[in-house]
Amino acid sequence: MQKLIKKRSKKAGLPPGTLIHIGEKKSEIPKITIMDYDEVHFQEKEVKTIEECFLFKDKPTVTWINIDGLHQVEILEKLGECYGFHPLVLEDILNTDQRPKVEDYGEYIYIVLKMLDQNNKSNEILTEQISLILGPNFVISFQEREGDVFGPIRERIRTGKGRIRKMGADYLAYALLDSIIDNYFFIMEKLGEKIEFLEEEVVKQPIPETLQTIHHLKREMIFFRKAVWPLREVIGSLERGELPLVKETTRIYLRDVYDHTIQVIDTIETFRDMVSGMLDIYLSSVSNRLNAVMKVLTIIATIFMPLTFIAGIYGMNFKYMPELEWRWGYPAIWFAVVLISVSMLIYFKRKRWL
Amino acid sequence: MQKLIKKRSKKAGLPPGTLIHIGEKKSEIPKITIMDYDEVHFQEKEVKTIEECFLFKDKPTVTWINIDGLHQVEILEKLGECYGFHPLVLEDILNTDQRPKVEDYGEYIYIVLKMLDQNNKSNEILTEQISLILGPNFVISFQEREGDVFGPIRERIRTGKGRIRKMGADYLAYALLDSIIDNYFFIMEKLGEKIEFLEEEVVKQPIPETLQTIHHLKREMIFFRKAVWPLREVIGSLERGELPLVKETTRIYLRDVYDHTIQVIDTIETFRDMVSGMLDIYLSSVSNRLNAVMKVLTIIATIFMPLTFIAGIYGMNFKYMPELEWRWGYPAIWFAVVLISVSMLIYFKRKRWL
Amino acid sequence: MQKLIKKRSKKAGLPPGTLIHIGEKKSEIPKITIMDYDEVHFQEKEVKTIEECFLFKDKPTVTWINIDGLHQVEILEKLGECYGFHPLVLEDILNTDQRPKVEDYGEYIYIVLKMLDQNNKSNEILTEQISLILGPNFVISFQEREGDVFGPIRERIRTGKGRIRKMGADYLAYALLDSIIDNYFFIMEKLGEKIEFLEEEVVKQPIPETLQTIHHLKREMIFFRKAVWPLREVIGSLERGELPLVKETTRIYLRDVYDHTIQVIDTIETFRDMVSGMLDIYLSSVSNRLNAVMKVLTIIATIFMPLTFIAGIYGMNFKYMPELEWRWGYPAIWFAVVLISVSMLIYFKRKRWL
Amino acid sequence: MQKLIKKRSKKAGLPPGTLIHIGEKKSEIPKITIMDYDEVHFQEKEVKTIEECFLFKDKPTVTWINIDGLHQVEILEKLGECYGFHPLVLEDILNTDQRPKVEDYGEYIYIVLKMLDQNNKSNEILTEQISLILGPNFVISFQEREGDVFGPIRERIRTGKGRIRKMGADYLAYALLDSIIDNYFFIMEKLGEKIEFLEEEVVKQPIPETLQTIHHLKREMIFFRKAVWPLREVIGSLERGELPLVKETTRIYLRDVYDHTIQVIDTIETFRDMVSGMLDIYLSSVSNRLNAVMKVLTIIATIFMPLTFIAGIYGMNFKYMPELEWRWGYPAIWFAVVLISVSMLIYFKRKRWL
Amino acid sequence: MQKLIKKRSKKAGLPPGTLIHIGEKKSEIPKITIMDYDEVHFQEKEVKTIEECFLFKDKPTVTWINIDGLHQVEILEKLGECYGFHPLVLEDILNTDQRPKVEDYGEYIYIVLKMLDQNNKSNEILTEQISLILGPNFVISFQEREGDVFGPIRERIRTGKGRIRKMGADYLAYALLDSIIDNYFFIMEKLGEKIEFLEEEVVKQPIPETLQTIHHLKREMIFFRKAVWPLREVIGSLERGELPLVKETTRIYLRDVYDHTIQVIDTIETFRDMVSGMLDIYLSSVSNRLNAVMKVLTIIATIFMPLTFIAGIYGMNFKYMPELEWRWGYPAIWFAVVLISVSMLIYFKRKRWL
């Protein structure tokens, strides 16, 4: 299950800007890919050392540098030196426990948010932190591990479909944000299916495991919500046009992303309402079943206790018990037994216990 | 039951403005109807191809183009090209999972909201997305399927009753919004009746099915609420007069629509309060009934257990049991039985268990 | 019980400003009374036709026209024509399902709010919609039925007590609002008494009927709250002096009404807190009682089951049961019975079940 | 217990400014004390008639008139006439059901708030309304009854300790407010002790009386909260320096009072959280105990029902029951009894019911 | 356990600025340490009397005076006199029950917040109040007791690592705030671990002690939250640059601290959600277990009550009971017993009670 909180405490007391990677340690070398394009030219390559990226810094074309893997701190240090990034930005990139936010540093904008993915086996939601640095003619994206949702964007750049090759770096940043948030809908669909399945189960046949599933779902939603809520503010501030690096023509597209974000938030709130409603239904169902169980017990006890008492009476060994001598005593007992049983059943029928 | 979320994921990664219809696929041809009018002229026709609509584009009269059915993407593409709509607008029209919103594109305003209807058989609320594009002299409305609440408006245009023929396109847009929101009151009345019926049931005779009905009602309200809440902002921004396409004379009518929207929202909140109150009542009722069941069981057990014990004692086979020889032993037992039963009943009467 | 929602749907689709009365139909003729006064003159009369009112329109004196009964739509139509009221105002007056609001139409202000009354027999809160139109020198008030809380104001006008005859129409409107809101305190006192009575009951002797009373109280509070909450905004906007028809000297009095409104809202919230707290107490009490019932059952069963078992053992018919032959066997059994019972009782005493 | 609401309805319909005292009627004469001081002079006296106060009106020294008891309406009338107070102010002073507020009348400021005290016997919180009128060189304070928290302030004025004698009337008003709010901390300490005591009880040994105490505590907190919440706004508006009668030098002290008010509100919210948490704990504890009771019952029944059945079998009177003739039949039965009991106990041990 | 509220009432009525220490009394002498540095010089010493500090007052270097222990009021008095601090500031420093806040006094800024620590033995969170006074070239910090989280900062100053020696007093203040808030993450990690442990327990094996642990956790979170929430405002107002003493270059670092604060608050809210969710799960689990217990009881009773009744019937002593004479009577009874038991078990299997 996803950890509630990442170990961040080892950083306590260090001077600000100290670069320490918070997250899982990995042994592979981070993968660096470069896409450089304008309306006519296009170049794509995977580089071994970060120094190769610096050649693209002053070219007028749009450069997208993507770095998969944050565990080699030197890469960030060199990059930061070359591009002149503030140490706090580099620190935030490494600290994979960031809350989604956007920060304007004048010459570049730093955006951090969460990319969600679903583990196919355990069906759990996985979170990966994506940092974007948007400059006048470059976008640098940092991912915790390989594998992302940017495939179609790369394809659009390669083939030159759509308007992406005609637009600047801000449009590229928009496209990346858009595909991350579009992916949230995919996660939400899965969540929605789980909820609908659970809903039927909780009404029809609630078992203790249902409770556990509700609990897990609640937990997942808490994490999803934590990743998405701050985005409202992030995308909102990009869209409102307070940042000069984001051009007017791109802002209309960001408004669209903003709408999607609101919609995701809306849907999460709906999900939360439904899941917390389910817990109430579950509790009520359990109470109903307890009621049913108790009715069975009470019916059985109410019928057989008097009967056993009667049998007990005529099992006494008193010398003078006239009934014992009667010819029809025994049949009379059976008659009484049937009479009591039937009248009890009628009584329970009337009380709607049956 | 209504789906929690529509399949939107297939759009992930496509460039913005890609026109893909999200919703049920249908085979029939979309129905396009045109109403063109001013104070003196009036023309109404159903056209086969969207190109016929373009003739009305530059006429000074008010033109209302209504399109039922969104599954033929080409219609929208042509329309968008002719009128110069932004690709994102066309995308939003097709994406029938929109949150109600209004967007000002300068030359036209894009409004999207939900039309509600109730299935006569299953009594469920059906949602249909209505998109309106309001231009200086035209309104284009897009519906997911045939059948709407605009009948009386069409009649008013045809007969020239009221002030609709004297006013511009913005008044037509108002009239459409008004009739959609007026229809919400109809849905709310149905909901209100259901709630009142349930309220009586839950207090008088709560059965497990009641729980299920409460749950369904809650779910319906969540959807209704999701459709209506954002309208406050939508109508509010139309009414505040920030949009030059909406004339001063129309704004006073929009204030009226705004009041209605607030009232719908108010009533939904009241309904929510009542339904969630009902769940509490239900749970308390179930507890009360469990209490009643347990009292019956306890009374039966408390009376018959001692009696059975006494009968058991005198059923023992000890050689030396003087009571067994007594002449009045057996009647004495019956006397004890009656005495114990009566005193127990008095005790329970006092404790108010009977 | 009060209906959750009034039938408003029959209006759907009609052009705005169509005058249809929503509410109970009555056969009597609406009662129209006029009070016309200034510091020296005073005139009061009941008129048969609305036309008689029009004579007062241009007099410099303050005219208060009160209309009891809204079912004759022609009266409103004529009045609207004579005074030049907007059709939407007339529509809102007839639509007795309005949310309290104030609307400034420049030459007049339209105020709508709820007058509350308590049915003496059923102790239910009755709601009546009051519409006020405040002009430069007139106030027109519309009530759903006869009977109101304005008696003392009429008396003050007749006798000239206080400053009412010296002030303008805005002060009269203030006085009417003030007496409506003062009446809320009366309703709240009744509610408060009910709550205090219930509070004692729920702690001392909760019965299933208590639950029903709590539910009714909650329902009443929902309606009360719905009538009062929007008033904050209504009185607030009158008091803030945005409306030129309300003079500076009257605003200080409106501030007082505003304070009262806040106080009413405050008290309702307190009531809500208390009532929802009561439901928790009720549930806890029921659980406590269930616990008590179960303890009785368990004590009885724990004592008598072992005893009955012992009696059963010695009721067996085995040939070789040496105890049965013993001289002191039977007394020993009784001794064991007493021993077991007493030790059980001591055990339960220790466990604080007794 | 404290009444939920004071009888205010008798005022309904009276003209505004009508002076009627709402509260308990008392027979003693209101006590009027005057303190008049500046840096050098000091005079203190108790006067019999309110007219004696008027001599101090135009003196440049700071005059503090304190009136204990509001039931003699004439005193207020005369005072109001002499100082020129608005009738609504006098009405509000008498109406002891006010919500804390501050009102600026230009020449004077009217402040009303609640002084809290704790009844030593019943441990209940008592509320007393304090009205302050702050003028350029006077403070008039109105209390419902004798006894207040101003002792130390009087002492400081008499002895000239601190800066109170050097400052103006606004500082005096601050000092009064400060001592009222400081007293809230005292009440809160008592409440905190009660809560801590209850907390231990609810976890260790919850009895039905605990429920009642929680309920009482909740009720007290509702009243406390109602008295304190509006103070945030009251002190805030004094501190923000919108009122010219409050000098710059005093405002820094008011900021301190404001901080205290926020702290009181904060603590109340913490208390509320804890008390409502306690109800949950209580309910869970009761459920736990019910579970424990039911386990005892089930264990007893599960052991003795099969045993009693076995005994019953061999108590049957069939002619051909070979076991009855066996030599070891009876010991075998006892063996079976022990075997069944022990295996049941092991089973329950494993299920952790024991 | 941490006290809900500190004894503050003894201060009630004293003039403002009276210096009384609220907190535990201690006997040791407060420890005063001075660090004085600029880019080239560095001096560190522990002084015995506060007068030694005054020498550093007018030096252009940055001076950090740290005082551990607040119980010697004279130290504060002298310091306040020398530096010209407002009496209310000194009062607030001593009053260790402050809500976190920042106050601008022009020549200096007063910041108060909470340092959290965890007791290693009892695992409880300890709170210590830290007051900071930031002047143009000095920072004075006040702690309740020895031991803090500033070790790494002291080290950085001594060794001259990072930019701390090159920056002014405002950067030092930032560094202190940063290390306090970084330490919150450490506390949160511990809390997070506790919650995760509890979460597993509550789902797997809820015992009454779990309830107590949940309650303790809730309580701790209430205190943590109370310490952290107001920080949002405190750091926010420092970061927004309203205070001239905080230089532009430092503000970018404060933005980082602000982000951390938001993150801490976010995480606390997540924790709260999870813990209150756990209580629901706990209650549901207890209900589930009650259900399981009741099923066992009902199964046992339903099987053995009819059987015991049958045995009782044939234990009766009627003269004429033909079955008793039958050869196969006794085996038939055993057959019936097995038949009834098996069919009951099948019935319960079908009802999913087994």
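The letters A, B, C, D and E name the chains in turn, as written, and every chain counts its residues from 1.
Please note the rule applied: contacts are C-beta pairs under 8 Å (C-beta built on N, C-alpha and C of every residue); 3 or more make two chains touch, one makes a residue touch a chain.
Note that the structure is a prediction, hence the values are computed from the model and not measured.
Participant: By label order, what chains touch chain C and chain D together?
Facilitator: Both chain C and chain D are touched by no common chain, going by the contact rule given at the top.
Participant: Do the two copies chain B and chain C share over half of their interface residue numbers, or under half; same or different?
Facilitator: Because under half of the interface numbers appear in both copies, chain C and chain B meet with different residues.
Participant: So chain A and chain D are the same sequence; what rotation in degrees superposes their CA atoms, nearest 5?
Facilitator: 145
Participant: Distance between chain D and chain E based on Cα centroids, please, to the nearest Å.
Facilitator: 26
Participant: Counting in whole Å, what is the centre-to-centre distance of chain C and chain E, each centre being its mean C-alpha position?
Facilitator: The answer is 42 Å.
Participant: Which residues does chain C have that touch at least 2 chains other than itself?
Facilitator: Counting only residues that touch two or more other chains, chain C contributes 283, 287, 290, 294, 297, 301, 305, 308, 312, 315-317, 321.
Participant: Which of the residues in chain A end up touching chain E in this complex?
Facilitator: That would be residues 3-5, 7-9, 11-17, 86, 88, 91-92, 97-99, 101, 103, 205, 208, 211-212, 215, 218-219, 222, 226, 279, 282-283, 286-287, 289-290, 293-294, 296-297, 300-301, 304-305, 307-308, 311-312, 314-317, 321, 323-327, 329-330, 333 of chain A.
Participant: In their complex, what parts of chain B are in touch with chain C?
Facilitator: Of all residues in chain B, those touching chain C are 149, 151-153, 156, 161-164, 175, 178-179, 182-183, 185-186, 188-189, 192, 195-196, 203, 252-253, 255-256, 259, 262-263, 266-267, 270-271, 273-274, 277, 280-281, 283-285, 287-288, 290-291, 294-295, 297-298, 301-302, 305-306, 308-309, 312-313, 315-321, 353.
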